[in-house]
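Chain nomenclature is as follows: A, B and C, assigned in order of appearance, with residue numbering initiated at 1 for each chain independently.
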Amino acid sequence: MATPPLKHILEAAMLAAGDALSLEHMQALFPDTDRPEKPRLRGALLELQQDYADRGLDVVEVASGWRIQVASDMVPWLARLWEEKPVRYSRALLETLAVIAYRQPVTRGEIEEVRGVSISTTIMRTLQDRGWVRVIGHRDVPGRPAMFGTTRAFLDHFNLKSLDQLPSLGELRDLSELHPELDLGFPDTADPAAEEAADRGSSDG
Amino acid sequence: MTVEHGIAGQEAVAAEESPSVVPGVRVGNEPLRELPRDLYIPPDALEVFLETFEGPLDLLLYLIRRQNLDILDIPIAAITRQYMGYVEVMKELRLELAAEYLVMAAVLAEIKSRMLLPRPVKVDEEEADPRAELVRRLQEYERYKTAAEDLDSLPRVGRDLQPATAMVPEMPREAPAPEVSLDDLLMALADVMARAEMFSHHHVQREVLSVRERMSWTLQQLDSEQFTDFRSLLRPEEGKRGVVVGFLAILELIREALLELVQAEPFAPIYVRARA
Amino acid sequence: MATPPLKHILEAAMLAAGDALSLEHMQALFPDTDRPEKPRLRGALLELQQDYADRGLDVVEVASGWRIQVASDMVPWLARLWEEKPVRYSRALLETLAVIAYRQPVTRGEIEEVRGVSISTTIMRTLQDRGWVRVIGHRDVPGRPAMFGTTRAFLDHFNLKSLDQLPSLGELRDLSELHPELDLGFPDTADPAAEEAADRGSSDG
């Protein structure tokens, strides 16, 4: 097999590694009998550097060795490369937002009381950074805790004209169907809890 | 000596030189005097060899291919005997013998017995060669066995090729803000309300959200330093309902001790201030 | 800011991604107002391909898009780059994968029928963990067994653009191909194997 030019071996090695390679590491690619000296390696890397001029890629030396990297003037063109996957908000954040929407003005302590767990500062900051929640006053109790409410941006995001358009708590209960004992009208549901409740209902009555 | 024994014998130099009793190997009650004659590998490699088979079809194919036989014209008696020989050895070596090997043994025995039966003079179209199904399965298996080898010889990532990666210096990642649907929000609330037992009978009430919203708005209009004219908090342009909502919001805020009202004298303007 | 040549943007993007990029993904790098059409992208990629000739790097199209990869003739030179040898796949795994690739959609039972042995759960899990195989539905028979198919990641891994590029399967032959002339006249003595079997059958006994 013909030996490819040294610079092409080094180029392929750096791109395959995807990271910086030291000169020692480059030497180790070759058998003992045919190991290029460091000046030769450096020469080949400088050749590569010239080949790469005006190509949107740089061959650079960093602390841990040499690597190929995207040229800085090319970076703005790649900004959208990774933007496709938005992160998701946590359950805790959504619950916090929901409680604020329905119970505003509400303090952090009150939200925690409803949710039964403490709320991280990060969540409150994220909601405010997003522009959905803001401090609308302070409750006149010791510590003067901030009271939070939702904003116009919040309504806009959810395509609401006013909070009135959110379902009432009663409608939400129907949505969740978590407490079937209230659904006395439908004793034949498959839910055993509902049946049990219906049973009790009749014997009680 | 039959023909295929002859072929096997030429290959089976190592087997011919093997000790006359295979240690520890018994077939039925008899110690196995000899490994099957058609084995051409040294007995100490036998276990490794047998474990390389991927199943009864693989073993049968090996027996057929080794003798350059046409898969369509299998000498069933000879192949069956050789197959049984290997299966016995596997059993005696206590190799983990999959049940499939025994099923195949039964299939072979059945084909053999059917081929021994005298054939009717007139061969019905329907009466297929009893080997047909076995041949079909063997060919089918061989196709995929070959396909697997082809697959293995395709260039693949990590062995024959490597995707090229360049570093990106300080990537400005524009992470878009997460999307939240109204359904997500409502489900979250339903959950939290269920946990908080907000739905139990005595808590169920019609939440007037417009009042809550107006409470937020009202608080934002107020200042704890100076008084605001009460009337500026009610907006006649919203109609009767709007004024009522605004009024209820103020009452609710007073009840929650969030604001205070001041009126200097009867019928004088009412002023409102956030409680500091 | 001057716009770099399209091919250089694409090159930098593929190298930055370190994996295949679809044409759609490449288009999304550009603002809506200045989005190159696919034929233009393809043209630029073919230009790149030429630039890369004899350089130990290939610009190739696989199932999920285009990528730049170290050419296979360069790989031996990089063998020492990694401590570990590339994984070898077992025959059982390769055969299972082959049956799925060529027969999809296929149930586990059908794979076992072809191979004549039961398939370990480990193999199915390995194939799915690697992202090469996934459940693509359930067969409408009792038990509703899962049907498996291969993924784009499978094609990418084996450097293929589509399933069409797999080597073709061997032909199935029919028993009637054998001795057709004898079957005509002498149906009852035509099969020498049967005679042979009868011979041996008696001597074996």
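Observations on the model:
One rule holds for everything that comes next: a residue touches a chain if its C-beta (ideal position, glycine included) is under 8 Å from a C-beta of that chain, and two chains touch if they have at least 3 such contacts.
Treat the numbers as computed from the prediction; the structure is a model and nothing was measured.
The most centrally placed chain, judged by C-alpha centroids, is B.
Seen from the C-alpha centroid of chain B, the farthest chain centroid is that of A. Remark: chain A and chain B have CA centroids separated by 26 Å (rounded to whole angstrom). Centroids built from CA atoms put chain C at 33 Å from chain A. Between the Cα centres of chain B and chain C there is a gap of 18 Å.
Touching of two or more other chains is recorded for residues 162, 164-166, 168, 171 of chain B. Of all residues in chain C, those that touch two or more other chains are 12, 15-16, 18, 57, 68, 70-71, 78.
Contacts from chain B toward chain A in the complex involve residues 162, 164-180, 182, 184-196, 198-201, 204-207, 209-210, 212-213, 215-216, 219-220, 222, 256-258, 274-276.
Taken together, the chain C residues at the contact with chain A in this complex read 1, 4, 8-9, 11-13, 15-18, 25, 28-29, 55-57, 68, 70-71, 73-74, 76-78, 80-81. Within the complex, the chain C residues that touch chain B are 12, 14-16, 18-20, 57-58, 67-72, 75, 78, 86-87, 89, 91-92, 94-95, 97-99, 101-102, 114-118, 156-160, 166-167, 169-170, 172-175, 177-178, 187-188, 191, 193-194, 196-201, 204.
Residue ranges on chain B touching chain C, taken from their complex, read 2, 52, 54-58, 70-78, 81, 98, 100, 104, 112, 115-116, 119-123, 128-129, 131-132, 135-137, 139-152, 154-166, 168, 171.
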